[in-house]
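Mind having a look at this structure? Questions to follow.
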């Protein structure tokens, strides 16, 4: 009896066996990210156009938070049963770290999401007057360390919402996009005023590309959310290891 | 053995076999569209009366978006199990294109929805002081092509929400009106400031009739949403053809 | 064989057979109405205190609408499985008209709800500075007929939401309080600016009692919502008669 | 046959038999409370920074209410299936009173929640400019008795929402965090303007520790919410005793 040689999990054959599916899913993620960010960045564009003439900073920030939160809520809901509706390379990273998606899909998703961010910023720029208003940068009084920490903290909350509401299976799982969108909303209410609330490197990268990287410290929106992915995934892994379902009797 | 001659699907007998049901459903769509738009256009009327004395543009736009979003959310929820609660000829078009409703129901629904838009605008005009405030028109700085594209884009998002949340059957389907209403909300947060966020020819047509078509470029609110129906339906059809349920393992 | 004489449905024995249950339910409705309206009228009190110093009319109206909408949403949700969480004699009327509750429970509920309105207005008055700010009255430019019609229209929408979301049994029924609260929210966004958005005689009566009926045309908030109950119940009855479930194939 | 002596329910052996689980759950409550309050207090910090330059009191209060309401909604949803997501010693008290958690878990939860409040206030202070803006204190015109009563009333509403939506088991139970978060939102819309809307001794204690107890009448935020726990639990117990499920036929 001849035994077939066992393939390594990381052999190219094994890695790329779902390449067709992964590519289609990535194409849909590109479109979904574009929808999400045209609505979100478009709303920020409107808020800035409006605030130019009138409006307090507080209503500007509330408007942006509502706009980004609801845009993700509905876009993720529409695409949830197609690709998961991530629209965010930092969420993709968390999902590959905890084993929900494979490495090839992770890479394709990141590319699709970054391209979606660029496409959305380009569309908003083409369709509305004035310079693009949706770049993220640190407000006066916030240093880089604070910026990185804030971005890490809010991204970890978003990652946790995806892992606890969507990746974990339970009765409310079909409504995960509602909880995930409202998490983005709540995080924006804190962080828009301080860092612009990136929470998603694709969301920060798109406007930066279209604006020629005209704002300093763009690296904060790569490092902070990256650390947030690690933190959120690590905390989730601990919850799984201690078998969290037994804590609530 | 005599064979009965097979009826064509497009024979008048086949087309009109549900005429009684289609007519009743259209009558309910007329009433539902009237409810939706009295609340929505009434809120816009209030916002304009209020803003006359005070208020920033940004709070005006947030108010209108909240008002239109929640009005559709609740009206669609109330009528969802009766007729689907479309209240929008562009949604009707998408549903006939993907085969959810037949051509006779489509025509009757469009008529009912356009009449509902007129009835709602007339009621708001009769019940509140001042000229009707809810006409849609392109803001300064937005050309026709931009207007058509914005209207196409946001209508396609609304069409996708109806197709993915309500037409597709899954656990969250009974809550589709929530997702559809919030999609309208999110789209308004971007587009009210630029095009008035028509997204629905009945919503634009009603106030135009009552106001004597006093605003230029009304055609934008026919062409843009029409193209949005085509775009949304086409994208949905592609998702079905590639069997999207298999993309998310 | 002697036959027992058949009791009339309206005999006192038959009417009062659930009196113990009806009385307990009415006591809970009193408490629930008090909770709902302390939160709602308390928020209006705060908005008026705040607006005294600053704030546009538009943000005042948005605040009141959010406050009343969410207060009903949560109060109704908390009490939904106890008594239905009506908190509104016009809803009670609709439920007795369509046969969901009996005449004795209807009368006890109305008394409890009106007393709850008074208790809530008294509590808000006792706990906060300044005169009571939550009386409903017609704004300048709105005549009595317009006021009655607006109140009728928005109350009929609220009645329909209770009948279609809560009285009708379907998958989303346990979430009816969400839809009912958001209906109140949407109706307020239109009507607060014109009539104060009574929609509930208990809500208008409570502050009127505590303020000594110091505002004209209080009768509008009895007649308008009463007609709204009739309209909403009649439309619901028609939907049942035409067997609405068959309209959506 | 020798009988084993029956252990008292309050023997140390019985009390501490779940100590491992209770400790892990308390550790998670610490982290969850920190997430909830970093988002909530962080949003208040932003609102105050923003309002310094512009913005009406009314938009300040709406911002804070949205921010606290959504922060609890999402944090509780994320942690709901782990520990219940209480994040509030007054909720812990209600749950021990009605028998949902034991006395050891109650004590550990209170300690974890108070420490979480301190950690969150410290993080917000470290990450943002300016003095901490989230202390609760009585506004001008509100005396201690009014303050205690308002805090008691709103805390009892929050307690009732936890008991009726989460502790009671029914179809909507998996969505309890939504109702609980919106209850906090509605209560804030009334009370932020008068007492700051503590409703949670951990939420008031954290900023007080970081600010050196620089605001008078801090005791109000211990006594009021404590009485609210008693009131809410007592009302719930009465509803159980009268078998409330039978009231709604």
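By written order: A, B, C and D. Residues from 1 in each chain.
The definition used in the following text is that a contact is a pair of C-beta atoms (placed from the backbone, for glycine too) under 8 Å apart; a residue touches a chain by one contact, two chains touch by 3 or more.
As the structure is a prediction and not an experimental result, all values here were calculated from the model.
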item	value
Centroid-based (C-alpha) most distant chain relative to chain C	A
Chain A onto chain C, rotation angle from CA fit, given as a multiple of 5 degrees	180
CA centroid of chain A to CA centroid of chain C, Å	42
Inter-chain centre distance, chain A versus chain B - centres from mean C-alpha coordinates, in Å	29
Where chain B touches two or more other chains, by residue	56, 59, 62, 175, 178
All pairs of touching chains, each written as two labels joined by a dash	A-B, A-D, B-C, C-D
Parts of chain C lying in touch with chain D, wherever the complex brings them together	18, 21, 24-25, 28, 31, 35, 38-39, 42-43, 45-47, 49-51, 53-56, 59-60, 62-63, 66-67, 70-71, 73-74, 77-79, 81-84, 123, 126-130, 174-175, 178
Complex contact set, residues of chain D against chain C	56-59, 61-62, 141-142, 146, 149-150, 153-154, 157, 160-161, 164-165, 168, 170-172, 175, 178-179, 182-183, 185-187, 189-194, 235, 239, 242, 244-249
